[in-house]
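Common to both upcoming complexes is chain A, partnered first by chain B, then by chain C.
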Partner chain A sequence: MAAVATKKVLYGLYTDEEDLKTAVKSAKDAHLDIMDVLTPFPVHGLDPVLGLSESRLHYLGFIYGAIGCLFGFGFMSWAVVSDWPIIFGGKPYWPIPSYIPITFEMTVLFSAWGMTITFYTICGMWPGVKPKILDNRITDDKFCIAFDVSESGKKDVDSLQAFFTKTGAAEVHEKEI
Partner chain B sequence: MNLNTQFVFDGKLKRNLFIGMGLGVLCLVWSAVGDDEYHTRFWTNYLHNAVFFTGIAFTAMFFLAAQITAFAGWIVAVKRVWEALSQFMLVGLVLLLVIVVGVWGHLHHLYHWNTPGITDPANPVYDEIIAGKSGFLSPAFFTIGVLGFLGIWAFWAYKMRQNSLAQDQHETASFDYYKKERKWAASFLPLGGFLSTVFLWQLIMSIDPHWYSTMFAWYSTISLLLAGLALMVMVILYLQSKGYLEYVTREHLHDLGKYIFGISVFWMYLWFDQFMLIWYANVGEETIYFKERMENYPVLFWGNMLLNFVTPFLILMRNDTKRKVGTMFFVCLIVFFGHWWDFFYMIKPGARIAAHEAKELAEGKMTTHHEAAPINSDDHTTATTTDHAEGSVANDHADTGHGEAHGAGHESLSSFKAGFTIPGLQEIGVLIGFLSLFLFFFFRNLERAPLLPLKDPFLEESLHHSTGAYPEGEDGGHDH
Partner chain C sequence: MSQAVAPVRHVLIEGNKSYHNITEDLSSPTEKAPSREWIIAFSLAAAFLGLYVFAVCWTIWKGIGSWNLNRTINWGWDITNFVWWIGIGHAGTLISAILLIFRQRWRTGVNRAAEAMTIFAVICAGQFPLIHMGRLWLGFFIFPFPNTRGPLWPNFNSPLLWDVFAISTYFSVSLLFWYTGLVPDLATVRDRASGFRRKMYEIFSFGWTGSAKHWQRWESLSLILAGISTPLVLSVHTIVSFDFATSVIPGWHTTIFPPYFVAGAIFSGFAMVQTLMVITRKVLKLEEYITLNHIDSMNKVIVLTGTIVGVAYLTELFIAWYSGYIYEQFAFYNRVFGIYWWAYFGMMFCNVVSPQLFWSRKIRRSIWWTFFLSIIVNIGMWFERFVIIATTLARDYLPSSWSYYSPTWVEISLFSGTIGLFFFLFLIFTRVAPVVAIAEVKHILKVAGSQFIGKNASSHGGHSSVQIKKEEN
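Let's look at the complex of A and B:
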């Protein structure tokens, strides 16, 4: 969500996804509260290590698809059967087989758009929102673990610094976003 | 985990398979006794299962070749299973030889185009459409298309297998064999892709010689591929229950499940494509094919979709169902039976019509009908093909007298007939027989080589294969 308050973030950059996975594992073992992990591409097996539960987005995808399916089929039926009945090519008024391709396309369209819009809404990515990017290189070749240190004392920050050094982070930075 | 394992084909399994084969032979004989004079039920049962299981061997080979060409690594853990499946093509050559001999010797009447004198304009049985296609629909070309093409595939399958076995003998993992295997695999793809269309046109589509569909070969090949994948999963699960293939994890199972899910949707797509193009264009000699089946074979027609699309689509849609052994086995059983059912649907109604026509020709009833028919080829076809659909509107007022003649001497084509309208007990028995035969040769080939090609360069990748859907160890692994 587009939060108004800024956060102080301490983040470390890794150069390899396997190092990142090991680091996340040891952070979990040490019960450190990870704010976010950012990677330039989807890293296999990262979600389970982070302990993220399975996304529920695809349930919504199914519902959107079902709505699209009913909408496409229903609209065509209404238009051609009841609102403006026309005989096409000697077919009956309600030519179900010829509806199937369009119904299929509507299902895919609704499900894809619905999921995209939902995903962007959850992430607070509306048009005009200025994205908060910790470091431009995480979209290129760096793997990042970020901790929220807005309310942490010096001792906590030091221990996080030590954690980054121990797990082999190439760089450690602090930033307000 | 022991990687160097060898399958042992024990006596108990052999005995069970022999019992299955005996049952199959018994049911074949049973269907030949008390059959019509052309032994349609016997021959369709034979053709149906021979094509089905030979086709499974072919698609196993095709799938393996496609995976190897695409540098797929995951397949190595189950590669020997694929190889063993593909070797059945040699047996299929013998099975289909019987059909080819039957065509030459006129032992069966599966193919109406094979009626003597059908291409001779002076002959009363002359059929203009079939005469026009006689370059393709002739015994000579049939022999080339069935035995020749199958022989080519079997040779490729043999070479791939030999190469894979030779790799085992090499001391260290070497890319030489792999490169050679890729050459065989890549060259098989066009051979299999193009020749399979002709293979299936001749064996199955030509049962309805007036009907023509460009989608047919795709749709029936995909049907075979799905049956092969389903059988493969069931065989893997069986072998695992016996303690083999420990290294085949749920990750492999998950990927095979995805294939079954995705290709089932593709099958439905092709099926519907074929249906809708014909339905929309509404050309007489094409539409009659579906009209006949929808009206007189509703259980086959709708059951086909229920078994092969609705069931795998709804069950395998979820992520976790593909990883559950019981669910996968259940779905695969349905999909395997469903595609057997699909081939039943392709073969039986058409062969029943062909036998019916042959009977009429023999009794001289079609002769008058042909003389009365207009010379124009389109009308001619419509006249002969609507003849199949007893009681259709067109037929009723076109030649009422003809229709009455049917009713007097023959069972109607729209009536229920076990073994044609739905599979009967004999068909199930024949299926079990052919399945036992297939599995017998499969296990024979499996026991002749180590279960894992230890020198394959992709071995390690396959052993650590992961779909990334679940954490390692949790809900994964081989124990179930």
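Let's look at the complex of A and C:
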């Protein structure tokens, strides 16, 4: 990946998730361009306020599962029917009921691994990824709204400062990440 | 989250915790030097692990002949231990997956440790089929891979092969579920650490920042993984029971086995969770997060599943009689009154009679009773598997091949050794990762914290939107 240029970020820290939600709402009303909202735990009710559409990860989960299902069933059928047919005394060549357990397991296996790998990939998270940490307390008890101010003039920054003061941010900082 | 909470809801986080207190309390065990209790327990576990390694080497070197299996009783302690450990490995996924789907908030106190326990129990379980192969280095033959013998594929009609798929899928999916849940908490530990520790946690937390979109995807992933783990956990023990139920041995060839095994697995798994939690909460001082309400809830699950298991035992006897099939009748007569009668009555007492004490609220909420009974249930569930396996095989169709089986020191060492392995892994886990899910506990704080609900709740001064509806009486 090409080296990503550093950004100048102005961020405010709130001490309660309800304050955060109110602040995000007023930022949206004021048409401020929020870069990211960072929280120590999943805050319910934040996504609609922030305008995040629902994750489509579960559709992928279904697709991966379907692939696993077809792969498991198809492979067993191919191995036993075509590649190396085994003649058991009078038993059917293609014993579908006894494929059910492995087909099911393959469905779950593909779905789980596929979804998890997709999750880490789309979030840009892997072992060795250097985290862009704004503040160490965001994984503890602070709720953060971050604005990208790399290209903003002083006036914009001042208005963002005013926004943070108005919405009750406990602290406001600027940081390059 | 402003949400009205019913007055009947239990307090799940005691001690008026703030978010910061939660971080502090739950991540500090990974930051402090190990306590003396920990070091003693760890040395003991490591000693048993050493014994295990020795017994495995002995088995591989001398061959399976160093066990007391014979032509008649060809499955003994090994498969008993395997099924026992797999059963224990069911509680973690049950707590995290099924209780997540049912929105049981008390799961957050115990899910992390229970999931870890699942993974370690499955590791212990997996040892037995592998070493029973005798030639451990050919273990990979169980997987269908292109080979120069044809290629010759494994028998996809065999429940033993289904087991291979079920258990490896279960292990890997549980690992994903557990680790994905752990990533945000490892990031919490990372952000408190410095120097080398910080570097390590940076690697293991995958660069987690807590972005709203990541949390949204994380929740979606957790929910779907929970959804697919639920049938998975049921399938695993069903398939383990197929190892017996699809055979044509009287006493094994019964259709009740799958539900009976699954209930037994949940039963034994919860018992093991109790054993571990009662110790962990004490040693790591987590009484405010793993409260009596958690223990009470788990004991309710134990009394329910114990009763299901009891009904299954009796149904089995009834059906044996009702079938009118003499071989089946003999197998069950022998199971109860035969040479292994003591194992049967031990099982009945430990699994059916003893958990009934949990109908009493006082006993459900007593730490000592809980600990004691959880051990009894663990013993009982081991007996159950022994009864099913050894006593059924001991009386063959031909009286000339009737036999008796008792373990050698090697088998005993292997079993006690896996207990060492289990605690070895669990104790390491308590040192490197938060034992209670930090983010999830914070998430339920405002609906289950003692300052928000329950009789000691105070009106929370700060924010009108978080005023929790308290019972006004």
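General observations
By our rule, the second predicted complex is superposed on the first by the 166 of 177 C-alpha atoms of A that agree within 3 Å, B and C clash if a C-alpha of one lies under 4 Å from a C-alpha of the other, contacts with A are read in each partner's own complex, and residues count from 1 in each chain.
Assume contacts are C-beta pairs under 8 Å (C-beta built on N, C-alpha and C of every residue); 3 or more make two chains touch, one makes a residue touch a chain.
These numbers come from a predicted model, not from an experiment.
In the superposition on chain A, A:59 makes contact with neither chain B nor chain C.
In the superposition on chain A, contact is made by A:39 with chain C only, not with chain B.
Touch criterion not met for A:93: it reaches neither chain B nor chain C.
Legend: residue contacts after superposition of the two complexes on their common chain; A:115 is shown touching chain C, with no touch to chain B. More residues of chain A are in touch with C than with the other of chain B and chain C.
In the superposition on chain A, contact is made by A:48 with chain B only, not with chain C.
Chain A residues 44-45, 54, 91, 98, 101 lie at the interface with chain B in one structure and with chain C in the other.
If you check the complex, the residues on chain A that touch chain B are 44-45, 48-49, 54, 89-91, 97-98, 100-101.
Note for the complex: chain B touches chain A at residues 272, 275-276, 279-280, 282, 319, 466, 468, 470-472, 474. Looking at the complex, you find that chain A touches chain C at residues 16-19, 22, 36-47, 50, 52, 54-55, 57-58, 61, 65, 75-76, 79-80, 83-84, 86, 88, 91, 95, 98-99, 101-102, 104-106, 108-109, 111-113, 115-116, 119-120, 122-134, 136-141. Contact residues on chain C toward chain A in their complex (touch as defined above): 1-2, 18-20, 23, 144, 150-153, 155-157, 159, 161-162, 165-166, 169, 172-173, 176-177, 180, 183-184, 187-188, 190-192, 202-221, 223-225, 228-229, 231-232, 235, 239, 242, 439-440, 442-443, 462-463, 465-466.
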